[in-house]
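In the two complexes that follow, subunit A is the common piece, with subunit B as its partner first and subunit C second.
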Partner chain A sequence: MNYAFDFGWLADYWPVLLKGIGITVELTLVGGVLGVSLGIACAWARALGPAWLKPVVAAYVEMIRNTPFLIQLFFVFFGLPALGLRMGELQAANLAMVINLGAYGCEIIRAGIQATPKGQFEAGASLGMSRIQTFWYVVLIPALQRIWPALSSQIVIVMLGSAAVSQIAAEDLTFAANFIQSRTFRAFETYFAATLIYLALAIVLRQLLRGLGWTIFPKRAAR
Partner chain B sequence: MNDFTTWDILRNLLLAARWTVLLSLVSFVGGSLAGLALLFARIGKGRLGPAFAKTYIELFQGTPLLMQLFLAFFGLGLFGIDVPAWLAAGLALILWTAAFLAEIWRGCVESVAKGQWEASSSLGMGYLQQMRWVILPQALRVAVPPTVGFSVQVVKGTALTSIIGFVELSKAGTMVTNATFEPFTVYGFVALIYFCLCWPLSKSSQILERKLNVAHRNH
Partner chain C sequence: MNRRTLLALLTGAVVAAQTLPAAIQPAHADALATIEAGKLIRIAVPQDFPPFGSVGADMAPKGYDVDVAKLIADKLGVKLELVPVTSANRIPYLQTNKVDLVISSLGKNPEREKVIDFSVAYAPFFNGVFGPADIAVKDAKDLSGKTIGVTRGAVEDLELTKIAPADASIKRYEDNNGTISSFLSGQVDVIATGNVVAAAILARNPPKKPEIKFLIKNSPCFIGLNKNEPALLAKVDAIITEAKKGGALDAISEKWLGTKLPADL
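And now, the complex of A and B:
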């Protein structure tokens, strides 16, 4: 192997990388918040919603969970304009991520909701709570607390999966890496650096989500 | 522009889907073997084995599959060989699959009650005997549903290999779109074919979970 590794380009291109990191973080943040919200709505619909809504949500969840994210992205960005729904690459990337996380989040949160004993609903009602209050305080918050680790790893998976959005020219970290390697021809070093940055992002995100879990959920009573 | 009928589109996509199936099979089988080796390293007694396996799993689970594909594609090229896309794709997917399967299976082995280890060791069994006759048969029962479930991720993971130029279902979808200018139809079909590949796997994973976990069912 007669190859001299050279990371000298890093000095010239760090603003490009930084901008890419910014977009990746932004996509993850928006995708995470909206995706989890969609997941909660869908989980409610599947577990407790009206009968006509259940099969609709089930079909959506199965469709998303059994097709690759890349194809969902292409469908949103290239396919939907045929229906007159035209959007920029960042919006398309965000939409695809929200739809994707929404489906996975739905299944995870639903598992948490269905683990709630039925007596808790009745207990909530007997305390004079409205149905919405019961759902929010008695069902949803403990359910989220129960499945928070699984939901956190799913958010990390979506963040890592967002590398694919470079394929519709959304200027995320992978796009930046592609740009740099096309300028410097230092493909291996560039992708190596980008990979390490993703690893760091994943570790930081995991810790942040764990910290968030500690702050938003009440301390669990000792059993 | 050639006139593509709907059948032409579907036929071309189905032909390309064979490569998706083949790559998935290779990745899954190769990944299982490598994952098994990794599992033994991870739960082994030494110091180096578990440390190595832990780092390996952390690296492959903490970075995007797309980056792993790029690194395999350009990294192998550093050795001065001309890397065909299928080789980089197969290698990266095998290594990636191994990391996830090893971690899934570790959970299954650890789910076997500790008393089983103690009982078998009190019968004078060695480590390998314990594994072969006591632990793995019980772990296998727990492992089947999540393993089948993970095969769905492998099939979906192969879509990313289109980006390094391996012509499978996704790449064919892009190529057919460029020829027909009908992205809605083409990507709709592509999604449908992936669905037909993945859904039976997802479903059987769920059914197996229900069937094999009768003893642990609490409702």
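And now, the complex of A and C:
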């Protein structure tokens, strides 16, 4: 092997990488918050919602979970303008990520909700809590606590999956790496740097989600 | 027959094989005279580079270069033998006299001019900024405030990055399909790409037609032929010049590139 490693490009291109990291973090933040919210709403609808809503949500969830993210993204960005719905690449990327996480989050959270014993609903009602209070404190929070590790993993997967948005020219971290590679032809070095950055982002995100879990959920009783 | 006579016979045969054609033809045969005497011209065309040359469903070669080859054979009044070549072997085929002409979207550069001769230009090949008729862009300055789609890493990307004003927004797509889709779906105002890609968009007859706004890099195609063939060169030049005036070349351009020849060709 006589390949001379050269990270000299970093001096010129670090602002591009930094901007890419910023976009990836922004996409993950918006996608994560709105996606989990959508997931909670859909999980409620599928588990406890009115009969007419259940098949609608089920159709949405199955549609998204059984098609590739890239195709969903292309549909939003290149397909919807045909219907007069045109949005920029960042909005399209955000929308596609929210829709995607919403569907996966729905199934994870629904599993948590359905694992709630029926007695807890009745306990909530007998304490004089409203239906919304019962759902929030008695059903949802314990449900989220149960499935928090799985949901955290899904959010990390969505962050890593956001690499696909570079295909619609959204300038995320993957786009930055591709861009730098097309200018410097330093494929090993650029993708190596991108790999390390993604790894760091994923580890930080996992720790943040873990910390968030500690603060929002009551301590579990010692077993 | 002993070994020595066999050797002598073999040597004689080899020498005869080498000298015989030279005895039939003059040492420096004029290529045009040879073509006219043999009633056959051999022309190298691409087979993997649409719309210049590709193989159709009926396995017959078709394309801009193929039509120009047919035009030249027609005007010379000789039979045409198409020889499929790749971009790597098109000049060696000419140098080793396997073909008389190379019509294979060949661009001119000083290295090539050292080894072969070129006719006048016969086909446009350029990249530039393309957009619909209602967008007023005449040069790089006019891109201010516009969104431009381009294929990442392509020549036009590198050039555009240098010349575009700071407030122009360049969207870089993975491949030509992304660039084409961004234009057709209205995600970008204009695209920077090659005339061949623009022709591919035009061929689909879209609601938004990409028209050339300004050139980034111009490298038209020339017909290649061997050096020291002034008669053939003059004849080919005359045929192409006449075809440009008479509209025959415009018709070929319309057929394969979707537009007439540019005025400066």
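Quick note on the criterion: the second predicted complex is superposed on the first by the 222 of 223 C-alpha atoms of A that agree within 3 Å, B and C clash if a C-alpha of one lies under 4 Å from a C-alpha of the other, contacts with A are read in each partner's own complex, and residues count from 1 in each chain.
In this text, a contact is a pair of C-beta atoms (placed from the backbone, for glycine too) under 8 Å apart; a residue touches a chain by one contact, two chains touch by 3 or more.
Everything numeric here is computed off the predicted structure, so don't read it as measured data.
After overlaying the two complexes on the shared chain, residue contacts for A:Phe135 are found with neither subunit B nor subunit C. Shared-chain residue A:Tyr60: touches no atom of subunit B or subunit C.
Once chain A of one complex is fitted onto chain A of the other, the partner contacts of A:Ser182 are limited to subunit C, with no touch recorded for subunit B. Shared-chain residue A:Phe78: touches subunit B and subunit C both.
Contacts of A:Phe69 after superposition: subunit B is touched, whereas subunit C is not reached. Contacts of A:Ala169 after superposition on the shared chain: subunit C is touched, whereas subunit B is not. A count of residues in subunit A touched by subunit B and by subunit C gives the higher number to B.
In the superposed model, A:Trp44 makes contact with neither subunit B nor subunit C. Judged by the touch definition given at the top, the superposed model places A:Ile203 against subunit B, while subunit C stays out of reach. In the superposition on chain A, subunit A positions 74, 78-79, 81-82, 167 are in contact with subunit B in one complex as well as with subunit C in the other.
Subunit B meets subunit A in the complex at residues 59, 62-68, 70-71, 74-75, 77-80, 152, 156-160, 162-163, 170, 173-174, 177, 182-184, 187-188, 190-191, 194-195, 198-199, 202.
Those residues of subunit A that touch subunit C in the shared complex are 74, 77-79, 81-82, 86, 89, 166-169, 175, 178-179, 182-183.
Those residues of subunit C whose C-beta lies close enough to touch subunit A in the complex are 149, 152-153, 157-158, 171-174, 178, 181-182, 185-187. Subunit A makes touch with subunit B in their complex at residues 1-3, 62-63, 65-72, 74-75, 78-83, 156, 160-164, 167, 174, 177, 187-188, 191-192, 194-195, 198-199, 202-203.
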